[in-house]
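Heads up, the next two complexes both have chain A, just with different partners, chain B and then chain C.
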Partner chain A sequence: MWKYCLILYSLLLAPAYAQEVDMPKLVTNVVNEHILPGYERLATRSAALSKAVETSCPDNLDAVKLAYNEAFDAWMGVSHLRFGPSEDNNRAFALAFWPDTRGFTPKTLASLLTDNDPAIHDAEKFTTVSIAARGFYPMEFLLYDTQFTEEPAPQRCDLMAVMAKDIANNSAAILRDWQAGYGEMMIKADNDIYRAPEEAVRQLYTALTTGLQFTAQTRLGRPMGSFEKPRPNRAEARRSERSQRHVLLSLQANRQLASLLSENDEDIDRGFERAIRIVEDLDDPAFAGVGSIQGRIRVEALQGAITLTNDLVAEYLGPKLGISAGFNALDGD
Partner chain B sequence: MKTNRLLGYSVACLLGLGAAATAAEPVSKEAVLETYANIAEAKYADSLIAAQKLQSAVDALIANPSADSLTAARAAWLASRVPYQQTEVYRFGNAIVDDWEGKVNAWPLDEGLIDYVDASYGGPTDENEYAALNVIANPSFTLSGKEIDASAITPELLAETLHEADGIEANVATGYHAIEFLLWGQDLHGTEHGAGERAWTDYAKGDACTNDNCDRRAAYLKAATDLLVSDLDWMAKQWQMGGEARATLMSDENAGIVTIVTGMGSLSYGEQAGERMRLGLMLNDPEEEHDCFSDNTHNSHYYDGLGIRNAYVGEYVRVDGSRVSGPSLSDLVAASDKALDDELTGKLNTTMIKLGAIKSAAEAGFSYDQMLARGNEGGEALVMGGVNALVDQTKSIERVVSSLKLNDIEFEGSDSLDNPNAVFQ
Partner chain C sequence: MPDRRSFITGLFALGLCPSVTWADAGSPAFLSAARKPDGSYALFGISEQGRTIFEIALPGRGHAAAAHPRRPEAVAFARRPGNFAMALDCRNGETKAVLHCPKGRHFQGHGAFSEDGSLLYTAENDYDHARGVIGIWNADQGYKRVGEFASHGVGPHDLKLMPDKKHLVIANGGIETHPDSGREKLNIPTMKPNLAYVTLDGALVEMVELPQAMHKSSIRHLSLGADGTVAFAMQWQGDINNAPAMLGLHKRGEEARLLEAPDNEQRVLQGYVGSVALDMEQKLLAASSPRGGVVHQFDTDTGEFLGAIHEEDVCGLAIRDHKLVRTSGMGIVCLSEDMAGTQMDKMRVTHRYQWDNHLIPIG
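Up next is the complex of A and B:
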């Protein structure tokens, strides 16, 4: 008899979206077409970076830089997916610590090199090092910042090698976990992490809106500073002149995710198209232009276009899926 | 016969439904909001009372500088943190609190703005050219191109000129942490055991004065403490009957419930688990401690966690031991989904156990900065225990949003799109 009641209850409570959106299919598509290929690319290119450092540092730094830029590009394709395997063991934190608001990265690198810290020569020990000296951002200092490139420390290549190895290990571990069950678990949504397909979709939706918010608020907002006081030195990866490129790559990745989640919603896609056109037309690789009025206006327009796209997502996609975004790391101060 | 039985089942189901609803005691959203506001009123009133005690202790220290009067002032500061940290859950979601809290609890800070620092601190940085301004030693200086007369250190100077000087958030000139720095000084022990060791003679009169400018240091401490008291007094009034914070909360029942949940989730996840705990651990950096000068971080985390629990279960124990409680969000959730209420209550309790483990280890002598040391596995396990519990409870808080059908609310008004703090973005 209670079984009968439960059926009655569940009919009463059946959510409206059930007839419209096939949630397991959405999750399957995102996992197979967006997440897995993204992490495969990251794992492959990170392994190549590790090899390039081993074989070409210091004789052929151009080859190292090429491999570095390709691997960093791959990270930008997945940097918005901060959950599950990338959260486990703090892997994403160890791959990408930015923004570094208190200048920990150069300080930590300098002290590792000065002390000839044993971690430089031991990948296992290196995992205990501060995240300020692990991942793509400190590697940029070693490759592009004059503090480390002019009269380089004798241990620079060893430090880069252990850093690249660490990047490759973390990338491989994330991919392995996705392949070995996390993807399946997310699709099935019959477990304590995802109790229903709706929860898996909410996780993906949160990744999308957080990714857009981070690009508008942090990647662009930090160098913009205030009108009176622009802060070009705060631009992400400005030393390798990747700031503008990161905005482009993250928008492209989020556009794909949005398109899969919304089953090609044209209004949302037009929002992305507009923002991507603005960033492509911008000729300001390190956002140094925020210091001039002209330059600032262009970056502001880009920020506006991204915020608008996020609003479109909230207006069209959220209600269509019957969900709102969960909490994210930007909720704090 | 068959029809009758089916009919009988339906009636039984309806009765069952009714019975379940009354058993869980139907609770109105309005009553839940009222409890939440009453607790806020009590917490800010307690914070004010505790800050007034701190004010008396600071006055006594300045009048009669001694090791004892410094110790008494420190004890009063530590006590004042207990009610205040429990209010932090009100920050996110209540715009009036969020707009204000930077004045009283901003962190982290570049303390060299305020007073002398050790040589290892360094000077101005890329991020902050006033990181080593040292107002106590400098009665006049240039700030963002303007000549500043700081010969008299007043609450106005701190609040209007120095706080967030040059648009830099790390220029914290007011609030608990500025006062904490003036009472303890820099913690130069790194990830070793030990807090700041400022000597009472930093406030001594005449030749006994150490590190110069004792009178200006005392004036700074006095101005910052007076300001804290007046800021808390203002916020306490906003939660009284007719106060603006209470009125805003009560003006829209659904938005009010969203406010409670937003505060709980944002503090649990982005702020406490992320920014305050995990990041500090992964950077091995003791300056990432919330109460770094006094080594009080374990309490800061603990009472933040307790505040989240207070908001859900609708009860708070005041500094005089009396209890404020009433219909709660927990009751509201239980009425529609008992299992979810049990789940979240259980997770909030687990978090308190995990944060309690950090607190008890710290009180036994294994201080929070030691837990952050590179390669310290025991410390990492303790801190990550808290982080994981907070992340886990956030998942259930998100389920509450779905369960109470709060999903659509954020998209209704234009407010939600204009004010990211009001929603789950």
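Up next is the complex of A and C:
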């Protein structure tokens, strides 16, 4: 009889799904183990980049490039966290304006240099220039694109210096806001921004799924183009051959977030593991290979593996966190 | 006053009446697309009582449909970035024509007929040039494409024929997308939505832009009052915790007015409104948010928030004979007894179909 009661009892509980999730603990873990360390790394390396440009440009461009790549790597660890301090004053866009579908970045850079714009020499003024000329992507043009590296303009180092300073300021501001209250608000979830731990968890879940989607659809989808018309020139950060690396780094960051949010769900982690293995084996740093059929098939397989991972997240993690997958709610149109 | 039937007979005698009308398709009050339990999609005719009248299979998920003003004919649009639409005979489900977008274009999910139903205007994305286009199709010649004009913005979404029947109003959502990247938004930091009024030849007569602080509010969906008032619903592309008003009213030559619920209610929308319905005679504006599972209602005179109706995954909204009808992804078709949100349901029917984004009133 007891047995039957137990079975009945568990059936009654079943629709509420598995174990109760300790939402405040999830948020605490994500903030302390994922978000804060990510922004600390970004702030430290961005400050180092700013210093490197000041001391080594133009004499030792290799040192500048090294610092640039390290700082850009750090950005990839947080690029999916598009809420709160990163969105204040458009900071994230000012760090990372991509994709640049209309070619604003090289145009704006060229006019800043041609006019010897006062903003080049003034960090305060520089915050008012178009965001297409701020952050890591325009800096890549100055360091790697022949338009700016062959016969460099006399103000190239000044422009890079102000740009790096701006990157460092923005990164520091995001970290400061996280440390000075936003992290606490998210964890406590007793305020106007987060009224309950569920809302904070939902925000983190959204960051995870939109991050994966962006990598599959934009980081990979843009250079893949269509079968008839591949677009290798649209690959993200192809000039510095960082395209493949960005997919790897963003997957690693999302994997950590997924693992914290799901408390190490093995099925989801296997999805990440598989996608990461594919990208590590790829050997196509700037996705130039999408122009060939074989190269395209490999990138397509990677895209499929990421999409599948996102499906696993929706299937296993969403319900566990009480996030409904409404037919219309998910449509976004 | 002659009844409708003798009026129609009279028209027949004069040789003025089209041979078939919506009555021949069972006089549906609404159209809506839906997903069926087996995962397939169909377009349904729905009665005033919320029952299905006809069902026509669709090859994939739809978005909105356009109902021909006279003939029992519907044009169902594939979901963005679909490059086809189907003109369907609602009497028998036959496909009268398949509309293929020209190369480099895809449909955005909405279309509007001219007053006499001879022309169909469709919102399209000229994606390699990141510009919006309105395609023109001749409905009397098998939906042959007969022209196009600029939408005067990026990412046009909904469009409607104004009550004067001489202008179109276009919701240029401002968001650039490219099929290579699916539905990913490519220009959020620089997006600039607008509401554009054009003549039927495409000449811009008025454009409404919102303040720069709202440039991430994508203007998506429209509903018109008989007096020419345009209600527009937006979707916020910034941090959802900083979402501004999601609804506006505009009348030609005037400033746009924004409507917003008290903070507690407003945040429930999650920066996303799916459909909007306006009835200026009752001074009622209703807007649905599937993410929040609510329908918000406002007094159009005062802008006052009248209340929220809670309905899980609600999206489709229409006002017919001054009654507000809503549909949801949970299969609900529901007519409220009282418009002011007392939540008395006069009619509530549950179907096994997941109703898709929009409920299109007929007639």
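Everything below uses one rule, namely that the second predicted complex is superposed on the first by the 304 of 333 C-alpha atoms of A that agree within 3 Å, B and C clash if a C-alpha of one lies under 4 Å from a C-alpha of the other, contacts with A are read in each partner's own complex, and residues count from 1 in each chain.
Assume a residue touches a chain if its C-beta (ideal position, glycine included) is under 8 Å from a C-beta of that chain, and two chains touch if they have at least 3 such contacts.
Keep in mind that what you see is a predicted model, and the values were worked out from it rather than measured.
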First (chain B), second (chain C), both or neither: which does A:315 touch? first
In the overlaid three-chain picture, which partner chain does A:198 touch, first (chain B) or second (chain C), both, or neither? first
Quick one: is A:102 in contact with chain B, with chain C, with both, or with neither? Answer first, second, both or neither. both
Have a look at where A:84 lands relative to chain B and chain C in the superposition and call it first, second, both or neither. second
After the superposition on A, what does A:228 contact: first (chain B), second (chain C), both or neither? first
One more residue to check, A:254. First (chain B), second (chain C), both or neither? neither
Go through the superposed model and pick first if A:28 touches only chain B, second if only chain C, both, or neither. neither
Considering only touches as defined above, state whether A:69 meets chain B (first), chain C (second), both or neither. neither
Check whether A:129 is in contact with chain B, with chain C, with both or with neither, and answer first, second, both or neither. first
Greater residue coverage of chain A in the superposed arrangement, chain B or chain C: B
Residue overlap on chain A between the chain B interface and the chain C interface 87, 90, 93, 97, 101-102, 104, 131-132, 193, 213, 225-226, 234, 324, 326-329, 331-333
Residue ranges of chain C touching chain A (in the complex, touch as defined): 35, 63, 79-80, 109, 130, 157, 176, 178-184, 186-190, 220, 235, 238-242, 263, 272, 274, 290-291, 293, 312-315, 328-329, 354-357
Mind listing the chain A positions that touch chain C in their complex? 82-84, 87, 90, 93, 97, 99, 101-102, 104, 131-132, 192-193, 213-214, 217-218, 221-222, 224-226, 231, 234, 324, 326-329, 331-333
Contacts from chain B onto chain A in the complex sit at residues 9-10, 12-13, 16-17, 92, 108, 125-127, 166-167, 170, 265-272, 274-276, 278-279, 282-285, 287, 374-375, 391, 394-395, 397-399, 401-402, 406-408, 410-411, 416-417, 420, 423-425
Taking the complex as given, what residues does chain A use to touch chain B? 1, 4-5, 8-9, 87, 90, 93-94, 97, 101-104, 125, 128-132, 193, 195, 198-199, 202, 209-210, 213, 225-226, 228-229, 233-234, 310-311, 314-315, 318-319, 322-333
